[in-house]
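Got some structures for you, see below.
The two complexes that follow have chain A in common; it is paired with chain B in the first and with chain C in the second.
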Partner chain A sequence: MDRLQKLAVNSEGFVFDPTTGDSFTANSTGLFILNRLREGKSADEIAEELKKDFENAPEEVSKDVSDFVTHLHTYNLM
Partner chain B sequence: MYEIKVAVSGINAVDNPGPGVGVARSLKEDKELNVTVYGLAYDAMEPGIYMDWVIDKSFIMSYPSGGRDALLERLGYIKNRHGLDMIIPNLDSELPIYTKYANEIEEMGIKVYVPTESQYKLRGKDKLEEVAKNMDIDLPKSKVVTSAQEVMEAVEDIGLPVMVKGAYYKAEKAYTTQEALNHFHKIAAEWGYPLIIQKVVKGEEMNIVGVGDGEGNTLGKLGIKKLWVTSQGKIWTGVTIKNDAMLKAVNKFIEFYKWKGPFELECMVDKGNVYLIEINPRFPAWSYFATGCGINLPSNLVRKAFGLSLNMNNDYEAGKLFVRYTYETITDMTAFQNVISKGEN
Partner chain C sequence: MIKKYEKPVMLKIETGMMNKFGSSPYYTRKVRTEIDGVKIDDLVNEHGSPLFVFSESTLRQRYKQLYNVFSTRYPNIAFGWSYKTNYLPAICNILHQEGAIAEVVSEMEYDKARLAGIPGDKIIFNGPYKSISALEKAVSEGALVNIDHFDEIYDLEKVAKNLDRKIKVGMRLNMDTGIYPQWTRFGFNLESGQAMDAVKRIVNGGKLILNGLHCHVGTFILDPNAYALEVEKMTGLMYDLESKFNIKLEYLDIGGGFPSKSKLKGTYQSPDTLIPSIDEYAEAISTALYRNLKGGHMPQVYLETGRGIIDEAGFLITSIVTSKRLPDGRKAYVADAGINLLYTAFWYKYTIETDRELQGTNEPSMINGPLCMNIDVIEEGTLLPPMEKGVRLILSPVGAYNVTQWMQFIEYRPAVVLIGPNKTVDLIREREDLSDIIRREKVPERLKIKA
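Here is the complex of A and B:
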């Protein structure tokens, strides 16, 4: 099982990594992206979904998703 | 269930707590075991003496430096006068004498489930390279040193900063060669030679408590990360973790060395790399954490020693929190008077 799947994530955006004991908090958008990544969706797919689901989603949403994924890599979660 | 009288030492539940009170509490929480817990203390002020809800009776012991005769005489007194079936020694300073005279203590009819003398020597930091190799994990680059010249050569080879470590106790970080030399002289004066100069590795410190049955199997283990420590480096808050690489390495440690008794392994984990930092051949002061997560290691130790059925439900949940707190108990002077005047209460 990869690291993302092992994470314990609650509906409030509290994220616990059982491999390291680290915990994080994600805002509602971060939580949305994280849950979709755990479902196996790609960054592009998630960006498209965000554009559909959120009114007035900014054009740079793809970059924001990509930044979030970079953060996950930084924390060794991907 | 027949009564089993178990003595635990290290009942100094102070700012640098001994493991004994947590061990006693764990034994009391196994409702299938009928355990009477004796506390073995070295000072009348050890708080465990006054914690009668976990420790039924306490005895003052002679210091381990008193040697074999004083130890066996005191244990013989407790055995003959009050009955004693098993001892769980919990302090570093006691382990040399208990490992050395384990057979004689057993011959007195007192079980003592401690590592063998050769296992006990593995905790030496000059032995860790071999241990890490046999666990298939890494050891931070290290050099064993016995002189100032060797310290300078080791620092040159390893690169700053370095850890300067006594073979068994004490570790200091040095950012310059001069600082490394200062630590070297200070630690050598206090704890003797050899010392170890070790590369500082990045990563997160993680710990495991467990018990080996002496036959290559585990009687349970639990991995944690310390979240908050005191100024003395003692855990105040921690969380359970399941780090596969570390748990796998611990299984190898138990299998390879057929480890007997309790242990705590300290590791640094950096992504997938696990570095062995220290082996403590006893329960740590936080071992009740495991009991609270459903893995009662002291109980399984006693059960194994007496050939009773083991509780082998060894799975635990990651993300359980350990929170230590301060608490006060008020008592009259009777217990203190008894300990001072009679050496027991």
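Here is the complex of A and C:
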């Protein structure tokens, strides 16, 4: 089971990592991406969903997804 | 339901850590949409980004405030505007209009002051290097020349000989006033007896008339008592010279070094808490003058305030051009202004304001400039909301030293504007273009590339 699957994530964006005991807080967009990464979706798929589901999502939303994924890497969650 | 988009963020919760911000840092942010009533958008649309902006009202207000604080305590005081802090002519002229004479530290600055219409006898000429031709010009025009070293005594004696008259000079001192680092490389040291040796040399030479003492104890001095000690030592020497050599000095130049409300790197407290008010400096200096001067004796006192007057009148507008995530998790932004324009970034932590409200949680961020150099960092770490390309930052205070110490390195230097009364915006330095860079460059015929 990969690290993302092990996370405990609630609907308010509180994230707990049982492996390290670290806690995180994600905003609504961050939570949206995190949940879809846990479902195994690709960055491109998530970017498309963001454009559909969020008001004012920028054209270059995939850049934000990529940045978020990089941030998860820096937390060693991916 | 359609939700509102904001930049995705996930931050680690650091429980048990000290919260040195005193309140939640995650939502505090500063927004500035205008300077002196002029919209940031309008300024950038007209003059481009980056853009230095000076507030004339802040500058005049600050000058008046400082001058009043000192002159109400010790009336025989004059301010010499420190050209090196900012020598844009429009800026200098505002301060000259307010009553400041000029304080220059090089021939170039001397020429700038003269070009502005300042007569020689309203110019204080300091600095460790003054060419013989510069000395000749300054002396013949009546400038107050403060001697920095022994060679300058010999040079001035030559000038006196050429002019076939005795000339009045001042002398720079350095001394221990409890400030670290002690500025010992300028002037003659008091405690070691070097200053007295210099006076003897001046007296024995017979060509120079010592009529003033100058000292500048350092920069960003946070202890007003350093000035009290400086005044005590300078007045002590003044009366010593009177009793030993019958020298009657006309002025004491206490220098500058007063801090602005800038946050120095490595300091914990806010500038409002850490930096003494200007009243405390004025009180320390005037009290020391009255305590040490003989009754009824009120020599001319000069102050060379630079940073303390202008720093808070200057802003730099810069635009975010991109961002990336660093391996340590920080968000790194690239702005179109860097250390090429912000020399003071090496020791200041600027106030950073954005030109618009931004959604999203603040996260640890750094701001880099456009230079292809690893040291081009204008903010190493602060909490900022997620910013997209095009967001503008307003950095302050940047009025002191940056517009003189900026460097022309791979980029053009930006325009500088002045916001005057009734929201008038005047261009006081044009943005550079390629012609400024190549104007003095020459290519030998044999090296020209033939088409």
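The rule is simple: the second predicted complex is superposed on the first by the 78 of 78 C-alpha atoms of A that agree within 3 Å, B and C clash if a C-alpha of one lies under 4 Å from a C-alpha of the other, contacts with A are read in each partner's own complex, and residues count from 1 in each chain.
Everything below uses one rule, namely that a residue touches a chain if its C-beta (ideal position, glycine included) is under 8 Å from a C-beta of that chain, and two chains touch if they have at least 3 such contacts.
Predicted model, so just to flag it, every value in this text is computed and none were measured.
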| item | value |
| --- | --- |
| Clash or fit, chain B versus chain C on superposed chain A | fit |
| Which partner, chain B or chain C, touches more chain A residues | C |
| First (chain B), second (chain C), both or neither touched by A:G30 | second |
| Partner chain in contact with A:P58 - chain B first, chain C second, else both or neither | second |
| First (chain B), second (chain C), both or neither touched by A:T19 | first |
| Chain B versus chain C as contact partner of A:F68, first or second or both or neither | second |
| Chain A-centred angle between chain C and chain B, computed on Cα centres after superposition, in steps of 10 ° | 90 |
| Partner chain in contact with A:A8 - chain B first, chain C second, else both or neither | first |
| Chain B versus chain C as contact partner of A:N76, first or second or both or neither | first |
| Least C-alpha distance (whole Å) that remains between chain C and chain B when both complexes are overlaid | 5 |
| Residues of chain A at both interfaces, chain B in one complex, chain C in the other | 22 |
| Contacting residues of chain C [partner chain A, same complex] | 2-13, 15, 323-329, 331, 360-361, 388 |
| Contact footprint of chain A on chain B as seen in their complex | 204, 206, 224-225, 227, 238-244, 269, 271, 318-319 |
| Chain A residues touching chain C - in the complex, by the definition given at the top | 15, 22-30, 32-34, 50, 53-58, 61, 64-65, 67-68, 70-72, 74-75 |
| Chain A - residues contacting chain B, complex | 8, 16, 18-22, 76 |
